[in-house]
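Shared chain: chain A. Partners: chain B in the first complex, chain C in the second.
Let's look at the complex of A and B:
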């Protein structure tokens, strides 16, 4: 290698070093709009909408593959899970999903999708590579929330009418246990190390914190917002910070996100966002939290360090899910 | 230098008067705080506030009315200084002031400036209490709002001064409350966004748009969020100049209202 080449290489690496922080900072958020059958793409740095992508009918749950190359979309009314190429924003193909898929979770093996089929009371397991259904597990009525434990051992599904968390063993694809929670469980979220499960109950108005080892409830969190009727407090989306400090809980038609101390389970604050706040996602190294506000048709951005809502961005009609690509 | 000494003299007198009437500060603060704590609590649910500039997200009603209440403090203060002018005239202390060799217009402007500074101090006292009540704007906004507050205080003070040239006796002051303060307050964007007004009545909305107080409140509101509202500045500045000019004319013994009243 001659000297000229070496300088050239040094220059290149310098340039790439300079470019690195920029690409790290600017995350991209994808929001599924239930009623306009589109995805709204938001730059989390400028907090502006940069693209709108047409997808299948009634997109709700969305999730990235681990390498962020593909975006899986539950197109509920198309009865399919669509696979989108993130680089081109084009739908590549559909996966068999069973009827009316609403929420799903991807196994850490980056291959198996666990899909809740709301109308047929089953969880469908799809292999994303062979594009085949490899198992269907009977669960309670109206299955909805889905989560896979970080070690990949457990899959939890919530059923809205049976009011249970169903524990599915991923090695056998059989139902291993059930945990009874408050009315209409909507969403489940594992803590980072997987020892706890947070489950929201929409009608019950509570969030249960469950011990993964014993599969029993440790603590039940309740909410009260001055000036907001109890019935309007309907917890749905949950997100936990990796540092174990906070849990954020979307309170549906109460139009607020609750900030909970993840250690003491004390509710620290309620942050005002748009109407019917549904799902949440972190962005920019967990310094921001994005919320989908269904009825007001927008996305609110919360500064996680200051615990303040900094901006609300117009999205499509009835934003439902949100995921972020670094 | 002489001019500055004169200004300092008037400012000291106004400050002294303000300090001696500490209850005035109390009442100036109690009024907006009642709105903030009681009225806003009752209205919170009834009046969902949509996102309108300069706000970038949903806000509570308390946050919405904060700039308006700052304006109200200055509105009442402006009128109060008009009251004190009438009082000074009746008590004879104005004659002492007028023995000064300075031009009369300069004396009036000094009095306006002194009043504006006192108004602004009261607004900051209100901001501190509101902050403690968790009704907050961005930190930078509290600095940027200073020129907007001073200009608004000048405009309202000039209006008060203009009115005081019309008012012959203290007793007439109740009329000012009914025909100036309340209409200016309620027909503005201080308590409700104008699009809400437009929803219920187009002509009321137009009336609000003609109210200089609306523009002063918007100037304060935008400044509190580090934004600049050109239209609001133009209207507030224009009105300040017009009111000041008219007030000076009104106090001119050769042409203005004072002479006419004395003659008639």
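Let's look at the complex of A and C:
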């Protein structure tokens, strides 16, 4: 009996020891709600909503400055990129953004913001310090996805109706190349070291893995979920684990997140989440993955180690983007 | 191969990864070399010109007293113009230039001689968008097909063209009457509105619409409890309240279905029926290829782009013309060819897919040349449903539950 008790106690203390670093790790997630014009703030440890913040009209893409002091918000229908002070949740000022900003990417210099202007077929480059537009680059019809390579050399924009990835050279702010992909490219994500680019094609139903050096497609990933019509499989958000093992791909109205072996490009599993899953973000040292589910108006939490959906959290109307502050 | 169980086992993961890594890197090297070669070749290529024609025969439409409601003079053409602009934005990156030439005339002979001249010139057209009355359609399309170019039907809803008179290189981006009637019927059946009071006009078009309704009713199990022809030619504006209730007297029905493509009388039916029932068909709840109320799936962008250029709503025929040009340019982009034969082969292949703001990819039915597409069911200020509805099953794609399906089509599609 005694022995048993001792073991039990050791177990308990072990558990509490394990819990300690976890609670220290707790991150804060910010979710943009496209139709309620708010941000939902979530504690990633307790997985509870801790705040709701009013922002501009139709917030979609959101991104942190590198020091997490500022949150940039694409307020599409306010035709502005808003800058929020993360400490106080107050909007400090707007940046000139061009019409209808939808997604953007921050250059590693922490200064230049590359904004896709969906209605006017341009990418606007804004200096966040001087708050001025420093360049506008003509791209294809309906620019959408944006990404900057980790070395800061390339900016990629996707155009939904032209079906291309446009490669912008950041030193000249000119188009250097274009890669044709499947119908309606939505989102681009560089691998950690920057040698590969993952691009989702919403209507094509595929994800292209592109070699940065040649800017040509290495591999095209296709998806099949039993019981879901293939036309409903519409890949959007992509996240890659830093250890290079997994890619997670949100499949839109298919209501699943695909887990892909990031080395072999094989689909390992499909995880059922909320309705119209859109964007993804890692939390708690990449042990959790959050998904925004537009139609069901919630956020699903995936345990990355177990590859299981562990919780659903109610957000605002039409959650769109999600970012996490450590 | 999906390793559901093994991925969480590090040993399996690593073996698998190593094997695939080896195989893939052989692939990358080969592809890289091919690309380098192609890139060098394309760098030398000059700009490719792609000529598309738009043929329009002026049609007499019923006179609308209000200028505001008269059909725009650039109806259909505006959609093609927008798609040419859209395609040139893409073409800029690929050294392709799209050009639209308008061929207009008041009779078929005049149009054909203009067409022949254009085909004899340099950079012969690869495709012709045909927007002529149904009676003139086959003469014009024969003339185009004799030159080997593609015919894109952007306004003719005739079911025979998709069922018995389809042929190679003739493609339809406008929905057929059967597709519209099937879409509407799926919705009515889902609401259990299965008893129909049908009113059809006397024109050939109205009777064709009526045939599509009869076919759809039989196909989906609706019952036409009364069918009347509208043969009055009185001006209904002052007397609709007296005439329509009497005309629609019947024991019971769930809906009044009107077949009046020129809208001579159908607009007087809503609110004037004997029983308080919805009006559907060419008025009331209307199945159509496109409507200004579509805003999902990025449609807002297309609608706004259209409005800012033409200051009016995008109509079904504008959309059909937009689709036709976009389909051609998509085929040129993917095949890197401007040969009509190569474009046609690609367009009717499984490889072709078109994103067109209806939430899913569109493709052509190889056995009839019809573009499969979801059909919106709309009322003047809103979208009621997008068809096909979930639950209407099909072995290939549920989009083929709308219109004539493969076994019903008797066409010789030999090239």
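Things to note:
In the analysis below, the second predicted complex is superposed on the first by the 302 of 326 C-alpha atoms of A that agree within 3 Å, B and C clash if a C-alpha of one lies under 4 Å from a C-alpha of the other, contacts with A are read in each partner's own complex, and residues count from 1 in each chain.
Rule of thumb we're sticking to: a residue touches a chain if its C-beta (ideal position, glycine included) is under 8 Å from a C-beta of that chain, and two chains touch if they have at least 3 such contacts.
As the structure is a computational prediction, the values presented were derived from the model and not from experiment.
Contacts of A:227 after superposition on the shared chain: chain B is touched, whereas chain C is not.
Residue contacts after overlaying the shared chain place A:277 against neither chain B nor chain C.
In the superposed model, A:105 makes contact with neither chain B nor chain C. In the superposed pair of complexes, A:300 makes contact with chain B only, with no contact to chain C. Look at A:183: by the touch rule set out above, it reaches chain C but stays clear of chain B. Residue contacts after overlaying the shared chain place A:312 against chain B, while chain C stays out of touching range.
When the two structures are aligned on the shared chain, A:255 is found in touch with chain B, with no touch to chain C. Between chain B and chain C, C contacts the larger number of chain A residues. In the superposition on the C-alpha atoms of chain A, no part of chain A is touched by chain B in one complex and by chain C in the other.
The part of chain B that touches chain A in the complex is made up of residues 41, 44-45, 51, 56-60. Partner chain C is touched in their complex by these residues of chain A: 118-119, 121, 140-142, 160-164, 166, 175, 178, 180, 182-184, 202-205, 211, 214, 216, 218-219, 229, 231-232, 245, 253, 259, 261, 263-269, 306-307. Per the touch definition, chain A reaches chain B in the complex via residues 227, 255, 272-274, 296, 298, 300-301, 309-312. Put simply, chain C touches chain A in their complex at residues 1-4, 7-8, 13, 16-17, 19-21, 24, 27-28, 31-32, 35-36, 86, 89-90, 93-94, 298, 301, 304-305, 333-334, 353-355, 359-361, 397-398.
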